Amino acid sequence: MTRSDKRAADQLRPVKFTRSWTDHPEGSVLVEFGRTRVLCTASVNTGVPRWRRGSGEGWVTAEYSMLPRSTHSRSDRESIRGKIGGRTHEISRLIGRSLRACVDFKALGENTITLDCDVLQADGGTRTAAITGAYVALHDAVTWLGEKKIARKPDKVLVDSVSAISVGVVGEAPLLDLCYEEDVAAAVDMNVVMTGDGSFVEIQGTGEERSYTRDELNQMLDLAEKGCKELMSLQARTFMEQLT
Amino acid sequence: MTRSDKRAADQLRPVKFTRSWTDHPEGSVLVEFGRTRVLCTASVNTGVPRWRRGSGEGWVTAEYSMLPRSTHSRSDRESIRGKIGGRTHEISRLIGRSLRACVDFKALGENTITLDCDVLQADGGTRTAAITGAYVALHDAVTWLGEKKIARKPDKVLVDSVSAISVGVVGEAPLLDLCYEEDVAAAVDMNVVMTGDGSFVEIQGTGEERSYTRDELNQMLDLAEKGCKELMSLQARTFMEQLT
Amino acid sequence: MTRSDKRAADQLRPVKFTRSWTDHPEGSVLVEFGRTRVLCTASVNTGVPRWRRGSGEGWVTAEYSMLPRSTHSRSDRESIRGKIGGRTHEISRLIGRSLRACVDFKALGENTITLDCDVLQADGGTRTAAITGAYVALHDAVTWLGEKKIARKPDKVLVDSVSAISVGVVGEAPLLDLCYEEDVAAAVDMNVVMTGDGSFVEIQGTGEERSYTRDELNQMLDLAEKGCKELMSLQARTFMEQLT
Amino acid sequence: MTRSDKRAADQLRPVKFTRSWTDHPEGSVLVEFGRTRVLCTASVNTGVPRWRRGSGEGWVTAEYSMLPRSTHSRSDRESIRGKIGGRTHEISRLIGRSLRACVDFKALGENTITLDCDVLQADGGTRTAAITGAYVALHDAVTWLGEKKIARKPDKVLVDSVSAISVGVVGEAPLLDLCYEEDVAAAVDMNVVMTGDGSFVEIQGTGEERSYTRDELNQMLDLAEKGCKELMSLQARTFMEQLT
Amino acid sequence: MTRSDKRAADQLRPVKFTRSWTDHPEGSVLVEFGRTRVLCTASVNTGVPRWRRGSGEGWVTAEYSMLPRSTHSRSDRESIRGKIGGRTHEISRLIGRSLRACVDFKALGENTITLDCDVLQADGGTRTAAITGAYVALHDAVTWLGEKKIARKPDKVLVDSVSAISVGVVGEAPLLDLCYEEDVAAAVDMNVVMTGDGSFVEIQGTGEERSYTRDELNQMLDLAEKGCKELMSLQARTFMEQLT
Amino acid sequence: MTRSDKRAADQLRPVKFTRSWTDHPEGSVLVEFGRTRVLCTASVNTGVPRWRRGSGEGWVTAEYSMLPRSTHSRSDRESIRGKIGGRTHEISRLIGRSLRACVDFKALGENTITLDCDVLQADGGTRTAAITGAYVALHDAVTWLGEKKIARKPDKVLVDSVSAISVGVVGEAPLLDLCYEEDVAAAVDMNVVMTGDGSFVEIQGTGEERSYTRDELNQMLDLAEKGCKELMSLQARTFMEQLT
């Protein structure tokens, strides 16, 4: 089985982080997984949601959205339909949960960081690109918190890093980092979120066309572990560059 | 670690299916996993959603909801808030996907079966009880389709059975079929949907309090496989009883 | 004119109250009028709506809803349509008004009791069953308030009992407690809510197919008085049974 | 007991119908019950709602609304709140049902008449003024249908007239046609809709402050019969005037 | 080019203000521009929106709406559609901005005046009639504030007067104060809001059918200046009449 | 008065069009007016809205939106609030009207072009940048229509070009192309849309802090004419570059 872009089965698409892509947010990252392009911004607000007030702990939340023509054919805006669809809800919740896995809320203090992940162009893997990019934006926002001396213990806020990748079975072949064309053809589709220490934050595997065996599951998890490891080192490398 | 109801770590709560619990639906099952009680009904309509018309294929969809006081403290109705919450959306989509995994849509012909899963009392595991009970309701609705000679090939509609169970890690102990109290205390929470042939339809595992290792994942999957196997035989047994 | 279930014109369907039907609510009653089955729960919250704060008086409110497949053919969920329909609004308001008729709000103190009436199976008379069952749930919640020493004067909260029944004219015959089939055929339809002392809380009579004379009105009211009296003694009898 | 405007207990407020109050509608009536002022318009459309198509029968529906400052203090617009309140729903449904009681839908043919009742100034009895005025607007729209030769049998469309009045018990005194001040003070509140032949279309009686006896009910019904009879003759008189 | 009602190109339709048209509001004016009829009410509330609290300054806001049958054919209610349309939003905002141009918020103190402009009959120019009438209602509400000694410096609240008129190009002819028929036929459509001192608050000119030259713009502005001047003196004249 | 970026009063900010910025749309342009950055995409669909079917004419519509953190402080998503705000409605309508001014709908045939203008970064003038950029995207989509031989007469679809610019009075100084900081400080704010032949499509001028004289209006229009002329030649120049 040959992939349309000649990648090996266990190979990521070219990944790129452009930090400070916009000026206003405390963290702003354009993340690209091949042709998938997501703008991840981190916005800091003092205060926390009502149910958390007085706890001394902060909060991290996320919202995911696709521009109407980020996709092959235009889809209606959720703002005009007047409600958020199930898929959007599900992905926003997944991103929020994933990022919260690397945060020490005591160290953050009663501040809220909102991660907005807006898909500018979609070519498969938008949610995993969003999580991986949102970590970079979160990191930059936490640095900003330190510079502004807002968080209690800014250097303790991030307890680990987080990245995510999709894997799937197309035909009988397990593949890493599916593009749209592969995603549509996949019999099984799985998204894996991992921390820098190599453990799992979230596994979501769906048999779209057929159910899958434990063997297939293990093959997919092997690919995902390899992919997340590589994403972690790309995140680390981007932090070594000077922010302009 | 002792469970509050003295169960072994790998033991299901008492499971009970009451078929024909209400009179109107084509399939109507009250499913109980311990104190969790979900009414699952299957409603048959001729015709399919617009995007599927003319395909010759049917459709199966699901809606999940909790009665306001099915929980410890009363929650507001989504009908009054005017919108469906993210959790409800997510679970409805999960139930629909899970049940579609065992259906041959060609054999169903252009008919739609809607599975309504309404939680009457919640004590953990409502989504897995809903899937497991919805399969029984779906089965009875398909039998009805056969009697009414509506589906094309009623005996080919169901290609397998489907059941689901929750597993989790509480403290360091992997446990099967968490009740509410255990669910709240769990560091890791996983829902597993399987077919009768022992393969996976869906795995959703979330590190709520901490991330989890591959070893822990494997222990949880072992428990889930055992639990689903038992649920399958309970489903099979209920079909051997005469419906009144 | 013979009724399909052989009842006399002035005869109620079999009425049954199952108290403590679910575990969480302060009052939980499954009420059955024949095949009509409504789950009535009473939830206690400290505090009252904003407009009543500081008055020293409590509040009682109600919400009515039908499960999508409680009816012959499935109806859409109001949560998914995003708004409450007129009929639901009307009945919720009727139930709330009716139950408030038997409550001394000073004695209740600044506490709110919410009555949720969810129709599990509909066969005519759902609103009258809901009111009659909600009174039983309210009664149990007030007992709970007394045990918890929350209300100011728990034994003074309920100043009377409340029950409700439907009457109608089918053909030329006035009938008590219409089932769905009779309700559809009725020319005139009336719901009557009464207190234990035999006076009216609410009369709502609608000429569905034709207008009705004062004579017919009087015949219907005679039937309703008889029906409500019987419901009162059934409510009284259920309170003599030990709650498990 | 003296009424603030010196009326006898069984006396209506001054009632006035101004026909053709606006130019566009097929029927347009400004109805005044004392200071209560409601604009009732009747709009004719060819065609009927989907569920009635092909039946050969027409439809009549109504919508009620209050201008934000028709009341003593300003209330928010339902268009801005994004949903219709329960009271509005209830009254719109009541007006529709009441007017349908005097229409022969076969004679109307597949046409729809929409009655819009917009309260310009509220001083109690807005729903009964709306029904009474809407009948006049409906009458004029039916005349228009005849002139345009749209209805099948225009002179058979209206089979009777309809009017409505409020009655109540203030203190111990039964009163006819309550103004706002009396309505607020009423222990019992009843709205009665009658046809020209003296029978009831709708009775809605609510014990707001206390329940009421059958004797009180009868006194209120006597008042209502007297009031509706007078309204009928005022309606008849207005039709004898030339429309400009 | 002859206008259907024989007016000269630079002639207003008959303009009429009826003050105190309803009893409850602090200002209530029925304004008529020919057959266009708008009820403008001004409602005073103590307090200001949250974002303005503590500023010592007041606020003026406006809401515009059309009755469903104010137009040639009936349009659906926005309350029933569940959302405000773009045109309604736009006009409400325009009215609010326009009226705020003549108010000294310091002098008003922390009070809010809400201007409701409800179109009872539409024949073109509803937004300009609304602004012109709302000024009269606002004026009366400010007088009321003075009598009640609520505003800080009531006689300083209004710093100028405000009026508005429409102009357009029909065929090649610039016309003042377009009626509906002319509005539909206009190639260019412009609304102009002016203060009593002859300067502009707002100019909104749209080339509906074609773009327009600077010359045409100037001709339209000349007409608008003449029209607003006349409206100002009509407003001034109405204030010289005694309010009943 | 010196501008913060040293521009002359009649000088535009640096303007940049990046065509084909995303891959999927038929036209995709990133337009920059200084730091204001808007993604304008043009999506072609066969067919037209219902009210235009059978006319043989096409349609052009637009939707404007801001990413939540395109602004200095984060604003809530309209999709989550469940409704479109007044400002968004107003700007979407303005963009649609403006672009329709340069289209021959007969030549387009029954096709719809949707212009999505999503603000990625806001620094004043987002609506004028959106209109100016949307014209470029529309142009590219029309070229695509010609290549695909979809429109009836593709080379006749665009009858002119369209561009837009903001002008304002800050202090007493009329300025061209206001950045955010200037916009906030402006006493008068005006947006002007022009066609390539130098006539006006739309003028919207608002006295935010004070009303403005006819002289000031003329100074602002002179600036706007100069600005639009320059934008037209920048648009023309970008079309001379090869699209990759």
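Chains: A, B, C, D, E and F, in written order; residue numbering restarts at 1 for each.
Keep this in mind: a residue touches a chain if its C-beta (ideal position, glycine included) is under 8 Å from a C-beta of that chain, and two chains touch if they have at least 3 such contacts.
It should be emphasised that the depicted structure is a prediction, and the values quoted were computed from it without experimental measurement.
J.: Shortest hop count from subunit B to subunit F along touching chains?
T.: So the least number of steps between the two chains is 2.
J.: Any chance you could name the chains that touch subunit D and subunit F both?
T.: E
J.: Which listed pair, E-F, C-D or A-F, shares over half of the residue-numbered contact pairs seen at B-C?
T.: Match found for B-C within E-F, C-D or A-F: A-F.
J.: Counting residue numbers used by both copies over all numbers at the interface, does the subunit A-subunit F contact come out same (over half shared) or different (under half)?
T.: same
J.: Give me the C-alpha superposition rotation for subunit A onto subunit D, in degrees, nearest 5.
T.: Result for this pair is 180 degrees.
J.: Roughly how far is subunit A from subunit B, going centre to centre by Cα mean, in whole Å?
T.: 29
J.: When the C-alpha atoms of subunit C and subunit E are each averaged to a single point, how far apart are the two points in Å?
T.: The answer is 51 Å.
J.: Which residues of subunit D are in contact with two or more other chains?
T.: Correct list: 82-84.
J.: How does the ring run, chain by chain, when subunit A comes first and subunit B comes next?
T.: If we begin at subunit A and move next to subunit B, the sequence is A, B, C, D, E, F.
J.: Name, in rising order, each residue of subunit E that touches subunit F in their complex.
T.: Touching subunit F from subunit E are residues 83-87, 89-90, 92-93, 97, 101, 160, 190, 194-195, 197, 199-207, 210-214, 217, 221, 225.
J.: Under the stated contact criterion, what part of subunit E meets subunit D in this complex?
T.: Result: residues 22-25, 28, 35, 37, 39, 41, 43, 45, 63, 65, 67-74, 77-80, 82-84, 88, 114, 116, 118, 120-121 of subunit E touch subunit D.
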